[in-house]
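There's a structure below that I have some questions on.
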Amino acid sequence: MRLPRLLTPSTVVRAHCDLPCGVYDPAQALIEAQSVKAICDKYQANQDPEFRSRALIIKEQRAELVKHHLWVLWTDYFKAPHFEKYPELHALFNEATKLAGASGAKGSADPAVADQLLTKIDEISKIFWATKQN
Amino acid sequence: MRLPRLLTPSTVVRAHCDLPCGVYDPAQALIEAQSVKAICDKYQANQDPEFRSRALIIKEQRAELVKHHLWVLWTDYFKAPHFEKYPELHALFNEATKLAGASGAKGSADPAVADQLLTKIDEISKIFWATKQN
Amino acid sequence: MRLPRLLTPSTVVRAHCDLPCGVYDPAQALIEAQSVKAICDKYQANQDPEFRSRALIIKEQRAELVKHHLWVLWTDYFKAPHFEKYPELHALFNEATKLAGASGAKGSADPAVADQLLTKIDEISKIFWATKQN
Amino acid sequence: MRLPRLLTPSTVVRAHCDLPCGVYDPAQALIEAQSVKAICDKYQANQDPEFRSRALIIKEQRAELVKHHLWVLWTDYFKAPHFEKYPELHALFNEATKLAGASGAKGSADPAVADQLLTKIDEISKIFWATKQN
Amino acid sequence: MRLPRLLTPSTVVRAHCDLPCGVYDPAQALIEAQSVKAICDKYQANQDPEFRSRALIIKEQRAELVKHHLWVLWTDYFKAPHFEKYPELHALFNEATKLAGASGAKGSADPAVADQLLTKIDEISKIFWATKQN
Amino acid sequence: MRLPRLLTPSTVVRAHCDLPCGVYDPAQALIEAQSVKAICDKYQANQDPEFRSRALIIKEQRAELVKHHLWVLWTDYFKAPHFEKYPELHALFNEATKLAGASGAKGSADPAVADQLLTKIDEISKIFWATKQN
């Protein structure tokens, strides 16, 4: 699997620490979303019913982890000044977590849906890293 | 927290996919280990007993995640040819997971112990990325 | 423990079903937050160090469940038209989940902090039930 | 989904606190059982194999939560005097948790089985609230 | 740690299979309860506050696993004819799970409390193995 | 289900305690692997698609527990002198956990694969008990 080009530059692992266990990194959500995408690709390429059942079981778990890691960023990393500077942030996170849920990557095994999720996480990731440079 | 220099270059997020959900990345273990390190730093700097209890609770969880992510790499990513080429790999993973456990970062709140864990994960990480280039 | 008066009327359990497993109820977050409040009360009334350690362990778990149940409501129940009608909803959920986290009921054993969390959940609960009547 | 009439009156959320984290409420089991029921309804109405696999995955999780919440009530809330006054309580809980398991709502996607579970939880709920009024 | 004599004869691992995943063995609860006992012993022998906090964190988890494994036996393995033949079974399980909870091994670090739990599990274990021989 | 003869003699539950919560027993991995085997048998004997989906869901969970219990033994119980005396131990654990994963009992519902896993756990079990007698 080749990652869409836009995802690679911003995901170097860095650490941040302003609270108990204050290490945040969008890579956690991104890795799980890449897993979701890979599962969709393999699901479409394989008709075996046992394989497909397993793919859906695992995709459900990975997509739940995407939601969890995004929720943590939204609640624990981003603060009031960030939401003032980036007023679209709330909607971005709400849409991204919806894209990982029943109306997105949980409810669909279409790789294109997983790509939408990856793109949305990349938008969040860009804002995240921009806030680290101030 | 500044990361030790040696950790940064090899941890760009990439994806690998040769099995169902075949995305592996040492960054998952690394991020949790960075969290363990940050918790140790804050623990040493804070005498409040409530804060310290919380730090130990959270450190226990994060260190367990370090072990889990390393175990997954050892069992699911690395294959027989890797172990032939890198005969030290088994011991490296055994030592790294011990360093995340009772005799390491779970059993100690000393940041130096967490640093040993980070260094060991970096050794694994270098081998991991070397195997991706062949 | 007496519940603040304002919490009781809106929390009759009802069910909603417009998606796979589409049952939502703010009572799930509320019950866990009541537990957090009760733990804080007992923590303040008991000096035994074993009891206090256990209280902090359990409070951490319950507060995490509060966050989880609120995140589920925010992502899975509420839709675009709700956010248009109640533009304060995003901030309400962000503040409520922060109040359950490190800067709120996880980071403090003060019953007054738990009360702030209960009040915020009640605000969300009122909007939730208002959306059910249309 | 309309709830059976008999379920609604007894499920106002209240709190109880006689032990560390002593908040108990049958609503926790009830909400998960309502979810199981809703999943069965949707399963029967939808022939898509992906949807059906997801419904079974989620039903398994929700039914497990029903069992867990009921077990907690049986072990942690109810005391010896309750079991003396309501000698049928042990059997009620055993039957209810069986109805959430392999021989009940886990093993079947029939909404009628989920209804039996809801009815059994309602019997437990009535006894629970009766014990609160003494 | 030497196990009390009465525990050893009945705990040979055997398998039973009359339902999906129908393998039951009281050894699962017993091993976790032995862990709880060992933690209590070490807690009493060590005054280091970090060690003691960790002991309480881990004891809480192990005791929860004891409860879970016992609940599974009570709901999933034992059937109506067993409860007729052994009318004390319901109370035995209720007392055993209470002994693993707040009023028992969770709420106390006294090895004598853990011993009571081990004894109660042994009583259950004897009945379990008796039902296997018919 | 009859267990292969070779598995029974070495699995008497014993306890070991040289670290916080130092109770180890290969029976934990073995019981879950027996469950995986039983699920495979029932899967092959039943064509009902709902039953088969549930079997795959539960097999995935049980196989994950096999991996977890084996990883714990490998990291937490076995020490450097053990690995010197039994140089095949690393490979044994790596193969056993692979046999519980995607290339083994997770990826296949063939009872013969589950038997290979049981045999491998028995090899580990024999070494484990041999180390207890010194």
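So that you can tell them apart, the chains are marked A, B, C, D, E and F in the order they are listed, and the count of residues begins at 1 in each.
As a working rule, contacts are C-beta pairs under 8 Å (C-beta built on N, C-alpha and C of every residue); 3 or more make two chains touch, one makes a residue touch a chain.
Per UniProt, the chains are A, B, C, D, E, F = Superoxide dismutase [Ni].
Small disclaimer: the values here were computed from a predicted structure and weren't measured.
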Completion exercise
Of A-B and A-D, the pair joined by more C-beta contact pairs is A-B
Practice task
With over half of the numbers shared counting as same, classify the subunit B/subunit E interface as same or different.
Solution key: different
Exercise for the section: Specify the angle of rotation obtained when superposing subunit C on subunit E by their C-alpha atoms, rounded to a multiple of 5 degrees. Expected result: 120
Completion exercise
When centres are defined as mean Cα positions, the distance from subunit A to subunit E in whole Å is 41
Fill in the blank from the handout: When centres are defined as mean Cα positions, the distance from subunit A to subunit C in whole Å is 25
Completion exercise
Distance in whole angstrom between the CA centres of subunit D and subunit F is 34
Practice task
Any chance you could list the residues of subunit E touching two or more other chains?
Solution key: 20, 53-54, 57-58, 107
Exercise for the section: If you connect every pair of chains that touch, what shape comes out? Choose line, ring, star, complete or other. Expected result: other
Problem - Which chain pairs touch, all of them - result: A-B, A-C, A-D, A-F, B-C, B-E, B-F, C-D, C-E, D-E, D-F, E-F
Completion exercise
subunit F partner, complex, touching residues on subunit E are 1, 3, 7-8, 11-17, 20-23, 25, 27-28, 30-31, 34-35, 38-39, 41-42, 51, 54-55, 58-59, 62
Practice task
Please give the residue numbers of subunit B that touch subunit C in the complex, ascending.
Solution key: 50, 53-54, 57-58
Handout entry: Residues on subunit A engaged by subunit C in the complex (per definition of touch)
Key = 19-20, 67, 71, 74-76, 78, 83, 90-91, 94, 97-98, 101-103, 107
Completion exercise
Given the complex, residues on subunit A that touch subunit D span 52-53, 56-57, 60, 106-107, 109
